[in-house]
Amino acid sequence: MLMRQPFVMRLARLHSGFGWAVVLLLAAFALVVVPLLNQFLTPDSALYIPDWLVTLTGRFLCLALVALALDLIWGYTGILSLGHGAFFALGGYVMGMHLTHNRMEAGTIPNFIQFLGRDDWPWFWVPFQSFWFTAVMVFLVPGALALVFGFFAFRSRVRGVYFAIITQALTFASMLFFYRTETGFGGNTGLTDFRELLGFSVREADTRLVLFMLSAVAVLLSYLLCRYIVTSKLGRVLVAIRDAESRVRFTGYNPLRYKLFVWTVSAMLCGLAGALYVPQTGVINPGEMAPANSIEMAVWVALGGRGTLVGALVGAGTVNGLKTWITAAYPDLWLFVLGGLFIAVTLFLPKGVMGLREQITGRSKQ
Amino acid sequence: MRGLSWKGAILWGLLMVPAVVVANTDDMSADERAEKLAEQQKNQTQTRTEGLSGEAASIVERLATDDWQAINDVVEDLEALAAPETLPVLQALSDRRLYFDERGRVLIEDPATGEYSDALTGETAEVSPENLSQPTLTNAIRRGIRPLIGQLQLFSDDVATRRAGAEELADRPRPEMLGRLQELRAEESNPEVLRLLNIAIARLQLDASDPEERLEAVEVIAEVRSARMKSELETLMETDAQGDPVEPDAAVREAARDALEVIEARQRTARFLGDLVYGLSMGSVLLLAALGLAIIFGLMRVINMAHGELLMIGAYTTFMVQNLFAVMAPQWFSFYLLAAIPAAFVVTALVGILMERGVIRFLYARPLETLLATWGISLILMQTTRVIFGAQNVRVASPEWFSGSVQLMQGVSLSTSRVGVIAFAFFVVALVWFVMNRTRLGLEVRAVMQNREMAAALGVSANRVDMWTFGAGAGVAGLGGVALSQIVNVGPELGQNYIVDSFMVVVLGGVGNILGSVFSALGLGVFSKFLEPVAGAVLAKILLFVAIIVFIQWRPQGIFALKGRAGDDD
Amino acid sequence: MKTRGSIRKTGLACLALGGLLASGVAQSEDDPIKVGILHSLSGTMAISETSLRDVALMTIEDINEQGGLLGRELEPVVKDPASDWPRYAEQARELIERDEVDVIFGAWTSVSRESVLPVLEELNGLMFYPVQYEGEESSRHIFYTGAAPNQQTLPAVDYLMSERGGGAEQFYLVGTDYVFPRTTNRIVRAYLNANGIEDDAIREEYFPFEHSDFQSLVSDIKRFSQSGQTAVINTINGDSNVAFYQELANQGVDSVDVPVMATSVGEEELRGMDAGPLVGHLAAWNYFMSVDSPENEAFTERWAEYVEENDLSGGSDRVTNDPMEATHIGIRMWAQAVLEAGTSDPDAVRQAVPGQCVDAPSGYEICMDEENHHLHKPVLIGEIQPDGQFATVWETDGPIRAEPWSKHLEGSEDKKADWTYPWVCGDCEEPRYDLEL
Amino acid sequence: MSMVDTLRELGKRDEVFPFLQQAAPSPALDTRHGPILYVEGVTKSFDGFRALDDLTLYIDDGELRCLIGPNGAGKTTLMDVLTGKTRPDTGQAWFGQRLNLLELPEHVIAQSGIGRKFQKPTVFEQLTVFENLELAMHASRGLWTSLRWRLDGEQQDRIDEVLALISLTEQAYAPAGVLSHGQKQWLEIGSLLMQNPRLLLVDEPVAGMTGQETEKTAELLTSLAGKHSVVVVEHDMDFVRSIARTVSVLHQGSVLAEGSMDEIQSDARVREVYLGE
């Protein structure tokens, strides 16, 4: 029957020796080399990594984390979510609320709360003064929304296209909800003007570097977690659900539980990404929940290759890198490029960049 | 289950009946008549005086100033004078067509010819426009001028003019005019003008010292049942500091109370009907926006995220047709909208066919990927529009026959364009229904959508049918765009606002069921308008989304589920 | 104060000359002075902001044609934050760190400004913000060339309450749901209360951006207006205005009975609309394209010429408006300050901008306040005309001083915006540029 | 029942409420009375079409039963009802004495011991043949156990055994999607075996198989009977004849005749409706 095995053993089996070498090398690069190059080289050195690049990469890492989360649910389980922007933003808002507390002098409240006609913090703001409460909520808030929404959606067997459309409605409705000033989260402006986190100034380059490293650690750990999930039997059940859900049911598995589990994990990872993203960006507002953002997330995964965790990371990096470059260099072209990318990937790269090799060799075989 | 949905259908049908009935009350026809009269009156505005007599001239002369107090004084003096010959001057002043030059001459511009005439003599004057100034005009001054114009119009021989004047006075009676109005009433023969004059006089007589007169006034007002006079009646019901009623006469109070009740009941009805009609109007907009999608998504199962952009292209085609008419056939300009309908259909259908041939046909087996590809198309279409037409909105003017409004009852009016949109929505639905159920194409479409292999075996080219269906769906979206161009702004992002709503309509109505989309669109519109006063516009919308998500729990297949043995399996 | 101003003015010409001479010697590098332009060219804000980019480029071109500044060309660096607020911050950072611009002209919405502000503070940047805004902010790093609430909305309220403006006793405040209308209306409400108009005679309603269905709102305005002389203060932003005014016209709400005073409807917005339903309603600004002054004539003619030369979309329909004028003023003031300081270094220019004056298109000499980083501006109230222009119906006697912190708001009344040397911002750097040169 | 009684009823410590029963259905399977499957008076209509019409059917424990009938006779619908996919309008369906099939969700029915092979072979195409079998293996279906699951040697052997039985040992690590139609049929049967159900519902197992494969399938199915109960739906009359002991003929949603193949073939009504005579 079920064999108990040491966790470390199981972990070691996630990758081949070569695989682990690559993972550790990348981790070392992000956690040791980048900080060194940033801290100890002068700007005129060719290898110097400027502060802005560190922050930019830190943000990309957060977005890569979102791609990872989306891949788990879409790539492996076959459930396309167009609402992950909502979970990302919720994580961001949770962190933003804590940062807003930090920026206000004692006894003062931000203007958007004054708009509500009150002169103290509403109850749902109060506990976010505590960092640890916030840290827990970063996972719990998106997780809870995902759990409730997922339970109802999966229970009534909404899936495929319908599920995609309903998640889109979810993020759209959340966006409208957060846009309202009456909701009490800063309305259209959102939360901004952050200053301190745990006593460190979020505007300092050094803090930014630490945030970058934290993001790298988050991506690494999340990657391992996802890898752990998808290489387990649970992962195979997920793939089975993607291929033939009713067969899974007739085999005796309850897909509801599996889907709900992976859906909630995915939402929590998004929340974490949002929470790390916000102090590096300095603002969170309902625009993050715009349906377009969530759809763009899908293209990160599609470009990289669905059903491969590395693909999701590669895709997020590529698209966001392109975006940064093109919106600066040829602003008018960006939407053409992005649109073209959507079409090209779906038509010519159904398995994404990671499937390219397979696609080529597969073709030559035939 | 099936029975339930038909019950639902009947319920919606019943809800819509009162709206149609209201549209036929004679309230409307009376007001329409009024509007026509007002129109005629406008056209008959005199654009120059016939020369002013001494006293009038000496007052009008003083208009050559930009001191607003002085102008106010002039208006007051003209009121005291009450000389009909000054009417053109007052109208010119109110419409900003009155000028004075450096020599202090007061001039009136004829908007049709661009000529100027001297207000005092009525003769055409040679002036250079750069030397002209305008007397200061504010809304406060206009508020004085309007009743004066109304009063002067009552001296006219023309019934329409008198009617316009009486209408103005019934709206804004001035206490100083009471005596003169009573004189005029004695001479008036036209019943409509007489009725309006009675209202004006009644409103002034609420303060009369004779309780008989007050009672009579309240009765007249009660008959009009206008909400405008509610506050005046309410004053009668007030009590002073000692708790004594302001109105000493009990009979008057009684009459006022009755009148108030009538007015309030009417207001409640108006509010209910207003919500219903506005809801239908919003629903028909949703319907037009979603109908194309109901075909493309509903029948073909293609998740067309570029649907919003098809709407946008329809709207821009309307814009182009408008410009074409302005340049090529200005005399037919007011009919450009009619020409825009087929044009928009053809243009968007072509774009749709291009999309289908170029991208979508390769993706029929992969629905989620069509979603991504069409989203890509939508970005490209949007940016292309931006490059061609600029990021700014373009101006699509409503033709004259399409602007203005229709009053359904007092307090409930709907703009002509919205009425038009409702009618257009039903026209398009009928058209789609006809094509789908009464034509060979419709038959083939239904055959292919139900069983592709079987249809192919029967000699129907599924490939070709896909193309035409997509084209037709896109074309219908284009028609939606024409309608939207008349009520919202036309810009590159036009479609983005409708995409989520459209999908909700189709999903709620039941995918594959066009009738379902009709009911869900109208239902959503009405529901949200009833919710709006309670919850506010945004919360109403959020609640609606939540309701839809919950509803889909209960009936995943939408209102009109297509049930069959071929269930939901993958 | 006065003497110092005049000394400055006389000195200015010499300085300009001196600067030109000095540039040959001290500024051996002919590197252009880089100027960042941060306006959205795509997304929802593109409608408003594209024109600001255009007018900024035009003004820079004009300066270059006259030989640039200090012998150096101005090189505009244009970014497109695509109406995405975090992108404003991101690109502001790129402008300062990577492109090394000395000044940024940009932002429109308060959100975008607030999102850029931390970057400016962190990197000691300098920005000119050209749009009317809600106040309640003051920064060493921003010069506000648009109006503060007391330079736009409060005079408009005064006007509406005055006999001349119609003697409004009740106010209906309608706005888009974001910080500018919310804050403005808070100030307006406090102001109205102070002027004897109680809360039950004030109604407030907000709508999201892009909202286009105002049928219910207008019926409510109609009902409300039956209990007294009512005016509407409209802080709705952008597209929604068309639908709003259209609905007012449909339901027969007349500007004579219920005047609507807009704070965000200008010539550029009217260009995209059918102005018909708006005619007779009011707007409060600091500049109208229809202003009759030689400066404005020059400004509008140059604009038309620029549009034609560069074949800008919209062509001969393009108009000028208040934020464009504010951008234009901002760039010219900055240029004068550079000449006066003899360098484009932000720290120096920051000290040289206060007190600068420009003969603005609005027909007034507009000066930057010595203390609060805001302009002294005249307030104009205009009536919308069928051609989409404004007829001025009232204006202030002259430019009025901005109150960035409203004295009508609790908590703000004691705050001061004072950026004179020694700066009251705590640990600022030492001034590198001595004003008493 | 009065309120008090209801409360008292609820208060009983040893009362097992229906919703609690569902949680652990497997031990409840009770076949002491003979039949493992009771289907009584089941009716199901789709939009007016009666797919099942007052159908009654009993299957004994360990029996191998063939269901035949023309298209639309209700064979597949019956399977759908038994596996919880479709809920009938009226009637009863019990698995053993205790398990009400009409109240349990699909996965619970499967866990309690009813396995189903679909008409169209459905395997998990992206998983390997081995993984397909592993997933089907009779074991806990819990979320957490599957997260920490690892095969032990015995289970490994069992999979190898089945692989050999269905002749897919060579393809064990190939994705199931690349298998031929017949192989997929075999894999699905193999998965059924791994599930080790008490009752197998097998829908057209030999469609698309070669003669040799068909023979082998027949062999396999007959060997299963006894330990398991097997219900086979098939069109291939030769195949039915080769395995059948008892045959039920379905027509227009109800059982037309029941008996051995010879009895059926001689039944006049059956000849009329089914054999087309």
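Here the chain labels run A, B, C and D in written order, and each chain numbers its own residues starting at 1.
Quick note on the criterion: a residue touches a chain if its C-beta (ideal position, glycine included) is under 8 Å from a C-beta of that chain, and two chains touch if they have at least 3 such contacts.
Please read all numbers here as calculations on a predicted model, not as lab measurements.
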Subject >> subunit C to subunit D, fewest steps along touching chains >> reply: 2
**OP:** By the contact definition above, name the pair with the higher C-beta contact count: A-D or B-C.
**Re:** B-C
Original post:
When the centre of a chain is set as the mean of its C-alpha atoms, what distance in Å lies between subunit A and subunit B?
Top reply: 45
Subject >> Interchain centroid distance [CA atoms averaged], subunit B/subunit C, Å >> reply: 33
Original post:
Per the centroid of Cα atoms for each chain, what is the distance between subunit A and subunit C, given in Å?
Top reply: 38
**OP:** List, in ascending order, every residue of subunit D touching at least 2 other chains.
**Re:** 85
Subject >> Shared-contact residues (touching 2 or more other chains) in subunit C >> reply: 41-42, 177, 208
**OP:** Any chance you could list the residues of subunit B touching two or more other chains?
**Re:** 383, 386, 538
Subject >> Residues of subunit A touching subunit C in the complex >> reply: 50-52, 55-56, 111-112, 114-115, 176, 179-181, 187-190, 192-194, 203, 281-283, 285, 287, 327-328, 331-332, 334-335
Original post:
Considering the complex alone, what residue numbers of subunit D touch subunit A?
Top reply: 83, 85, 105-108, 110-111, 115-116, 118, 122-127, 131, 134-136, 139-141, 143, 145-150, 152, 191, 195
Subject >> Partner subunit C, residues of subunit B touching it in the complex >> reply: 68, 96, 134, 136-140, 142-143, 146, 227-228, 230-231, 267, 271, 274-275, 278, 281-282, 383, 386, 389-398, 403-405, 411-415, 418, 487-489, 491, 493, 497, 529, 532-533, 536-538
Original post:
Taking the complex as given, what residues does subunit C use to touch subunit B?
Top reply: 41-44, 46-47, 50, 163-167, 177, 205, 207-208, 210-213, 215-216, 219-220, 222-223, 226-228, 239, 242-243, 246-247, 249-252, 255-256, 259, 268, 271-274, 276, 280, 282, 313-314, 383, 385, 391, 393-394
Original post:
Where on subunit B is subunit A touching in the complex?
Top reply: 301, 303, 305, 359, 362-363, 366-373, 375-380, 382-383, 386-387, 496, 499-500, 503-504, 507, 511, 538-539, 541-542, 545-546, 548-550, 552-554, 556, 568-570
